[in-house]
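Order of writing sets the labels: A, B, C and D. Residues in every chain begin at 1.
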Amino acid sequence: MRLDDTDRLEAFSDGVLAVIITIMAFGLRTPGGFSWAASRTLLPSLLVYLLSFVMIGIYWNNHHHLLRATEKMDGSVMWSNLAVLFWLSLVPVATSWVARFPHHTLPAAGYGIVALGAGAAYSVLVKCIVAVNGVGSRVEVAVRRDLKGKLSLVLYATGVALAWVNPTVSYALYVAVAVMWFIPDRRLASATTETD
Amino acid sequence: MRLDDTDRLEAFSDGVLAVIITIMAFGLRTPGGFSWAASRTLLPSLLVYLLSFVMIGIYWNNHHHLLRATEKMDGSVMWSNLAVLFWLSLVPVATSWVARFPHHTLPAAGYGIVALGAGAAYSVLVKCIVAVNGVGSRVEVAVRRDLKGKLSLVLYATGVALAWVNPTVSYALYVAVAVMWFIPDRRLASATTETD
Amino acid sequence: MRLDDTDRLEAFSDGVLAVIITIMAFGLRTPGGFSWAASRTLLPSLLVYLLSFVMIGIYWNNHHHLLRATEKMDGSVMWSNLAVLFWLSLVPVATSWVARFPHHTLPAAGYGIVALGAGAAYSVLVKCIVAVNGVGSRVEVAVRRDLKGKLSLVLYATGVALAWVNPTVSYALYVAVAVMWFIPDRRLASATTETD
Amino acid sequence: MRLDDTDRLEAFSDGVLAVIITIMAFGLRTPGGFSWAASRTLLPSLLVYLLSFVMIGIYWNNHHHLLRATEKMDGSVMWSNLAVLFWLSLVPVATSWVARFPHHTLPAAGYGIVALGAGAAYSVLVKCIVAVNGVGSRVEVAVRRDLKGKLSLVLYATGVALAWVNPTVSYALYVAVAVMWFIPDRRLASATTETD
């Protein structure tokens, strides 16, 4: 594969993310009426949509920095990247499920499973990229300590388990992950700045 | 961040806007019959869709000129840009709500709140860009007097409030904002022409 | 505006067209059963979808050749281009209306009105581009005789009128336009070849 | 047509594929409840979605390698490429039909017909590209023996026929094709590597 394959992988991923974000908003159901009662059902939808929107925004940003630091790629990178997109493409359905039944166990757990799947796939993507680019490469140095990534997986898994105790606690944990990642990944950002 | 991050931010935003415009049309419900009566419900849908289409078109155009005049960006620009996209992604739902209940207060007010949110987020985006690029930069000079931006926010807020009096007045105000912006932002257009 | 604004206009238009094509297929309703009877309703849907798909494909191709021959643009080009996209964005709804009620007057006429609107907007776009680029410019020479464009509008208008006589005749006329344009616009294709 | 027409064809195709993948996930119906019973209906949906996702991923990858090896194109390439996109755009509807009625003949056969149509259109696309680029061209050498392509068509056709015997056998054959293509097309990959 040639270097500009990275650009194309990024452009395709960006396209998928752009559609996910927009289609998710479209999945917010138009209130079936015009009264306060009818429109009040919008609030939980909007909150979970906001959470999902921020989550996709974070992936978009980190993915961008990751690929910018990547010099070589192969089929394993392509397929693990598709796996990330696969899990993220389930976010709109999970979002819409939670929006409809916010106080129940299974939707809260399902949302966490999708988030966990995306996070795990992203870790695999990082591993594949490091394997191709080698120890000591720019991208390997940048992601060497992936504390935030590991912590995210732990928090999501805990959120899934606690959905059987109290869905609100699960949501709190999912929000915590989003807040933690809200600050862009400085390791990769600085890696790209240093070298270019 | 490197300069071509601006291009990527613009490409991603363009992608989201392209999906918003198309999905909004898709949200126009196919008439449930083939008679004049069944198809007459299309008219209010088409009018509000046209308004939303023009609104998105205006954002697309101004956003383009804004980013072209931008030389530097950072995380605050990226996130305030995502905030603009977040609010604009709610336009299809607001459009479809108004299309279904055009004569009621809450849909008319809700549409205005979404427009107000997008306008406010755009103002924040402009502020973040100016903060990064500094006083005297090309983009700062171009947006120094943002009368139209401020007036839009006032008109949208008035429209929201007047939805409790008469929704038609609200729509008139929203249309007024669209007409006002229809002419492309000459300040930024000339700024890009002068320098390149 | 700078020259690469043309590229961006084309990229944005391509994005909208890509979403229109895909969302139109998504609008084909999944058969509500698994029997021959349930799936037979798919056939008219598929035929009208095929017609709309070819129509969008033709616009995509001709639009590409048109913009490639275009050297200068301004706000009027941008807005007439958005008008083309506005009309084309109604194609999925018109398609889905015809798919549901293929034997009735209003859906058949509605489809033709959307096609007529898109065709008229495209003519305006061509006029705006010629006005900006001037008589004798590459693009003006290429589009000087626009017989096919004018004939399309006549055929579409006839189709709309004849929907009150027999919808099948309308569809035949719409198909005739598609067949006529199927061959790419050689004038523009050769214009771009000559100069580059 | 100029060489960068290939890039634009690829960008447009990528856009369509990105929307197909995302819209297909959106077609997964949000469970209508929050109980195990309500959510269990998700499993067949997820499995068939996974199969379709991998299928689109494979097309994306092979299409990319094919176009990279392509030096010249004309109208026949453009239209046969649109034919591939046409068939692939039917994948979300076929997927959603199978997801709803996984144990019946017609949905299983319909899915195979769509896959067969896409595969046949892809073969035609390859033939058109070879015809334009000539015997001995890089792309012609790369695709000279197209065993996998021919075998896929046979397997899909067999799957369609066997849907009347047992839909599960059809799905097994469709999965077999996906597994067979999962490994990227080394012929084209090496062709691009050799020359660049």
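Note that a contact is a pair of C-beta atoms (placed from the backbone, for glycine too) under 8 Å apart; a residue touches a chain by one contact, two chains touch by 3 or more.
Not measured: the values here are computed from a predicted model.
Asker: Call it same or different for chain C and chain D: same when shared residue numbers make up over half of all numbers used at their interface.
Answerer: Since fewer than half of the residue numbers are used by both chains, the interface counts as different.
Asker: Fit chain A onto chain D over the CA trace and report the rotation angle, somewhere between 0 and 180 degrees, nearest 5.
Answerer: My answer is 90 degrees for the C-alpha fit.
Asker: Between chain B and chain C, tell me the centre distance in angstrom, where each centre is the average of that chain's C-alpha atoms.
Answerer: Here the centre of chain C sits 26 Å away from the centre of chain B.
Asker: On a C-alpha centroid basis, what's the spacing between chain A and chain C, in Å?
Answerer: About 37 Å separates the centre of chain A from that of chain C.
Asker: Out of chain B, which residues touch more than one other chain, so two or more?
Answerer: In chain B, 11, 15, 19, 23 touch at least two other chains.
Asker: By the document's touch definition, which label belongs to this structure's chain graph: line, ring, star, complete, or other?
Answerer: Drawn as a graph, the chains make one closed cycle, so a ring.
Asker: Per the touch rule above, enumerate the chain pairs that touch, sorted by label.
Answerer: Touching chain pairs, listed by label, are A-B, A-D, B-C, C-D.
Asker: Taking the touch rule as given, give the residues of chain C at its contact with chain D in the complex, in rising order.
Answerer: Checking each residue of chain C against chain D gives 10-11, 14-15, 17-19, 21-26, 28, 30-31, 33-36, 38-39, 50, 53, 57, 60-61, 64, 68, 182-184, 189, 192-193, 196.
Asker: Hey, which residues of chain B end up touching chain A in the complex?
Answerer: 1-2, 5, 8, 11-12, 15-16, 19-20, 23, 27, 75, 78-79, 82, 85-86, 89-90, 92-93, 96-97, 100-101, 104-107, 110
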